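Input: structures, listed below.
Below, chain A partners chain B and then partners chain C, in two separate complexes.
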Partner chain A sequence: MKRRTSGLRGVGVAMILLWSLVPIYWAIKTSLQTEADARAKPAHYLPTNATWQNYATLLSGDGDVPAQIRRSTLNIVIECGAATVVTVLLATLAAYAFARMQFRGKTVLFYAVIATMAFPAYTTLIPLYRIMSTFGLVNTYTGIVLVYVSGFLPLATWILHNYFASLPSGIEEAGLVDGAHRLQVLWHLLLPLARPGIISTALITFLFAWGQFLFPLVLSSDLSTQPLTVVIASLQGRHVVPSTLLNAAGVLAIIVPAVLALAFNRYIVNGLLAGSTK
Partner chain B sequence: MSASSSTAQPTATAQPASPPAGPATGSAPVRRSRVDLLPYLLIAPVMIFIALLALVPAVTTVVQSFFRVDALDPPTRFDGFGNFVRLAGDKALLGSIGNTVFYVVVGVALSTIIGIGAAVVLQKPFRGRSLVIAVLILPWALPGAVGGVLWTGIFDPNAGLINSVLSTLHLSDGNAVLLGQNRLLTITLIELVQVWQIAPLSVLLILAVLQLIPDELYEAAQIDGCTPWSAFLRITLPLARPGIAVTMVQAVIATLNVFDQPYVLNGAANTGASVTMQTYFISFQDLDFGGGYALSLLITLVTLVISLGVIRLVYRRVEL
Partner chain C sequence: MLRIRRRTGTRITPPRRRTALIAGLTGLALVLAGCGDGGNGQAGGGSTQTSGVTITVALASDPPPKAALEAFTKQTGITVNWVNLDWDSLQNKISAAATANTYFADATNVDWSRVGQLGKLGWYFPMEDYVDTAAMEADVPQLASFKSDGHVVGIPYDASIMVTTVNTEMFQKAGVNPAPKTMDEYTNALRTIKSKGVVQYPLNIPFAAAEGLSTYWYEATNAFGGSVLDKDGKPQFATPDTAGYKAAQWMVDALKSGLVPPGNINVTDSQGQQTLMAKGVVASTFSDYSGTVGTLYGIKASSSVVGKVKYIKTPGVSGPAANLSNPDGIGIPKKAKYPNAAAKFIEWFTATEQQADFSGVNGPDKTMPGYPLPSHLSAVKQMTAKGNLIGGADLEPMLEGSKPVFEGGAPAWYPKFSNAVYTNLHAAATGSMSVEQAMKAISDTATQLASGS
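So, the complex of A and B:
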């Protein structure tokens, strides 16, 4: 009976791995083929005659498509990096106050932040576009980063609040007895203890920002700020782009999140659970 | 706490260095009645962001739903339920509502079943489990739009994986058009891609709840002659209900608002357009912002109502 359950588990694990990896494998395989090989019948299930040509074209080639991919890669890195830094910084300060200080109106203000998580993100899509357009922030990094930060702050504050709240009480008193200012206590005593929570929050914020599509689709209409996701989707719509080149672009767009997810999965899992349950 | 509040007083310049007993006498009551500003300063940036870029837009959506806001038909003016009446007569929108109902039903069902199944597979520790979990969350971490691009290669009528396998197995000539031919198949395949990306979170949430179930329960059940299947039905499922409820709410919110996958996989075609896609078209192609606001408001209300309904139906507090 024990053997039977572990045999079943083997089947289950194999199905999980296949389900998760096959679409990614297929894209990598296609990206390493020539267009003729990729269209061959019967299909090559392995990248026979593998070539880096598609990646070479995208990374250093001339032409419209490679230039768009390179520029939008720069854009997505700038936008996600800036949004992550600002979100984590502001959320850390607020979460510290909400979790470890007493002040009037705390509960109401905290719920006001958390309640915005209950609304679907797209509720605010049109007003945000019109606000950004009123202030001339459409097609600017500032506009996109402001929208991302406002969208991610509630979850980031919530996750970090839970981390700060889980730290033992009395840390502040110990620090304050030593004559440290409360911000010094935050910086020297609490931040190091909350580091796993801060790393989780930063990773989750960065991955959410990297995955954005509809907001940047609306907020950036030209290549000056369009992130990689938007450019790839628009290439997909134009049927003149070879599928092998498109798949290479897709692989470029998933390398960063895939590496982060595999390397730091423990932080991500803990952060997601801290943010979703309770 | 009185010690800490004194540090936040920028005006308390007197006696710069006299920590021992003395300083409290005269000034303490005055200090205590002052408001400690530091926490407010710390939360101010977040509150300003939330107020200006979440609450104000949310209120705008509600209010402007009842206004005619049309870039091609100015000025903005009160219109009662005009936007809603216009939406009710929008054929493309009605079709997309049908599609979205399918997305929600298929997506919530599939992601919950996969979530429960995979969580049970991963429930007991085994060698390599953390690696399997790392691989499992991979699709969740990838952008939805790029997920659509990856799966285009699976569904492609010529060189796609599914058609290639079918023709290798001589089950078809390998040229079946999968997307866009038949509405139900199109929706199911598009939703499969979204499930690929939301199910990992379902697995994690349910797995977290399963980790709380003590092994003794299963051991006792086994001694009583319970088969693994009845142990699953009588122990695992009931105790996993809080996790399943949270999972289903996440899936409801994601599927009701699905945009990236149908937009990338099927374009504007009405065989797969979702309600959120119609919001986008109405607002940013027709420039009828009033209609867009009204539709956003409706989606939000429906999302909240269904989420609360799922919680009432599925959620049970579990005491262990």
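So, the complex of A and C:
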């Protein structure tokens, strides 16, 4: 019976791995082929005559496409980096307040913040666009970062709230008894202890921001702010799709999140599980 | 707040979802336009300045050559900031900007299928206020596709028509006429090609639930001697004796009888062109895009059938049918910062001489990358005369005789209608519903939309 369960588990794990990895493999394989090879019938399951040409087209040279890729990569790093820093900063303060301080309406306010995560993203697109337009923030880094922060703050607050709530309150009480004020307690005592939670919150925020498409599409008008995800889409013609070039661009776009996810997997899992066990 | 996404690859969102998004945004836009004060005819208060300004032009296309844009700037004092987005993303942006009643560009793409919505929203300036559209009509047959409530919403800058392409070698191998004139002749020729083993599946129909399936059906309906909607937007395909019903039946039968590859259930229009037609897997695409012979099937790097694929007059009931237009246009949103400067740009961008340059008549330096076919007949004639247009002699009369997909112009509710068309035709192809059920479902949707409910 046990062997049978183990066998089924193995099959399940294999299916999940295939489901997750085959599309990534196919993208990498296609990115290393010419259009003719990629569209050959029957399909080649291994890259025949592998070539780096698509990557060379995207990364080197003085043409429009390399320039767009380079600039949009810089944009996405700036936007995601800034959104992460601001989100983590604000979420830390909010989470600490919700977890440790007593004030009227705390529970209602906390659940109200958390409840916003249930709103479908698209419902806020037009109001946000209008607000950003009114304040002249369309096609600016500030506008895109603000929208990301507003989107990711509830989740970040929730993760950090769970983290702070799981820390023993005795440390904080000792600090207060010794004469430290709230911010000193937070900075000197709790933040060092909450560092893993902060790292995981930052990673999760960065990864989610990296994957955004529709919001930056609407809020950016040209290459001065368009992130990589939006620029990759523009490589596609209406009737002709350069599939190998698109796959190469897609592979480049997933390198940063893939490296972060693999290198800091432990933090991400811990962050999402924070507060689930006592 | 933002929805959390697991993948970075949002750009490969399935067409159905993308169009659903456009439909959703447009629906919201129409509701807001109806309720609010920002609706019909309210100008955005842009500047009339036409010199020393920078305008943003957003099209789903690479920019014209740098030298051409610089010459325009020198001539007018208007600098052009070109924004190139893929077509679906651009439609999302246009819908979002329309809904939010805000600026994002001075001149944008106006696709033929969005003319009804944009006209009803009153979000674009009437082009007849800026350009002599009446004088243009004779030379630009597709201008008719850009009229809404008597106003010209955009000026076509290219001429895309739905055409039939055939691999002449395969037809000849099977001993059949490579230029069938009627649907019966065409269908019988395809059957012969299959029965003689020239290819296993001779016909390409993109049955994936996407826009390309809808346009294919419109062209097939036209070939069967009818149109999908009448001039009031009422459906014309509910009963088996109608052209639309016959066209749907013909398409589904072609799949079920093995004329179409079974895998085409998930093939989109561009995939079918690139992986089936260009690779010699099929012998014909009934509703193809004008320009593919020169830009795809005739290019060695992308095609194994170079020199073998030709345009033929689209077969009809008793003789060749007219071709339907699906051109791209350019218009001026009412929130444009510099509408007059944008109009100057549009006038320049859509002029015959410029189109001749863009299409390669006057050398590769002046060619605009990916430019399909000029919207001016006179420019097409120049191309044909200089031998720059592959299949030009065939395309020219087709362009001249082309007609809009919808007699009364694309309705304001087109995205929802198209969504119903491809969803139900796809379902009929997979066998999850009959052709009769599909036609009824589409017809009911159209009736409901036309009645405004």
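Everything below uses one rule, namely that the second predicted complex is superposed on the first by the 259 of 278 C-alpha atoms of A that agree within 3 Å, B and C clash if a C-alpha of one lies under 4 Å from a C-alpha of the other, contacts with A are read in each partner's own complex, and residues count from 1 in each chain.
The rule is short, and it goes like this: a residue touches a chain if its C-beta (ideal position, glycine included) is under 8 Å from a C-beta of that chain, and two chains touch if they have at least 3 such contacts.
Remember, it's a predicted structure, so these values are computed and weren't measured experimentally.
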### Query
Following superposition onto chain A, is the placement of chain B relative to chain C best described as a clash or a fit?
clash
### Task
In the overlay, answer first, second, both or neither for which of chain B and chain C A:A36 touches.
second
### Task
Counting touched residues of chain A, say whether chain B or chain C comes out ahead.
B
### Query
If you stack the two complexes on chain A, which partner ends up touching A:L272: first (chain B), second (chain C), both, or neither?
first
### Query
Does chain B (first) or chain C (second) touch A:Y163, or do both, or does neither?
neither
### Task
Quick one: classify A:I254 as touching chain B (first), chain C (second), both or neither.
both
### Query
After lining up the shared chain so the two structures overlap, which partner does A:M101 touch, if you call chain B first and chain C second: first, second, both or neither?
first
### Message
So in the superposed three-chain picture, is A:A112 touching just chain B, just chain C, both, or none of them (first/second/both/neither)?
### Response
first
### Message
Let me test your reading of the model: by the given contact rule, A:L214 touches which partner, first (chain B), second (chain C), both or neither?
### Response
both
#### Entry: Colliding region between chain B and chain C, picked from 59-67, 311-319 or 419-427 after the shared-chain fit
419-427
### Summary
After superposition on chain A, the chain A residues reached by both chain B and chain C are 39-41, 116, 119-122, 124-126, 129-130, 147, 150-151, 154, 210-214, 217-218, 229-230, 232-233, 236-237, 246, 250, 253-254, 257
### Query
Of all residues in chain B, which touch chain A in the complex?
1, 3-4, 7-8, 19, 35-36, 38-40, 42-43, 45-47, 49-50, 52-58, 60-61, 64, 117-118, 120-122, 124, 126, 128, 130, 132-154, 156, 158-159, 161, 164, 167-168, 174, 196, 200-201, 204-205, 208, 228, 242-243, 246, 250, 253, 256-257, 259-260, 263-264, 267, 276, 279-280, 283-284, 289, 292-293, 296-297, 299-300, 303-304, 307
### Complex contact set, residues of chain A against chain B
5-6, 9, 12-13, 16-17, 19-24, 26-27, 30, 38-43, 45, 90-91, 93-94, 96-98, 101-104, 106, 109, 112-113, 116, 118-131, 146-147, 149-151, 153-154, 157, 172, 176, 179, 181-183, 207, 210-214, 217-218, 229-230, 232-233, 236-237, 243, 246-247, 249-250, 253-254, 257-258, 260-262, 265-266, 268-269, 272-273, 276-277
### Summary
So, in the complex, the side of chain A touching chain C is made of residues 34-36, 39-41, 64, 116-117, 119-122, 124-126, 129-130, 133, 138, 147-148, 150-152, 154-155, 208, 210-215, 217-218, 221-222, 229-230, 232-241, 246, 250, 253-254, 257
#### Entry: Sites on chain C touched by chain A in the complex
1-13, 21, 24-25, 28, 56, 58, 60, 62, 81, 83-89, 92-93, 96-97, 99-105, 269-271, 273-275, 278-279, 281, 289, 291-292, 295-296, 301-302, 328, 370, 372
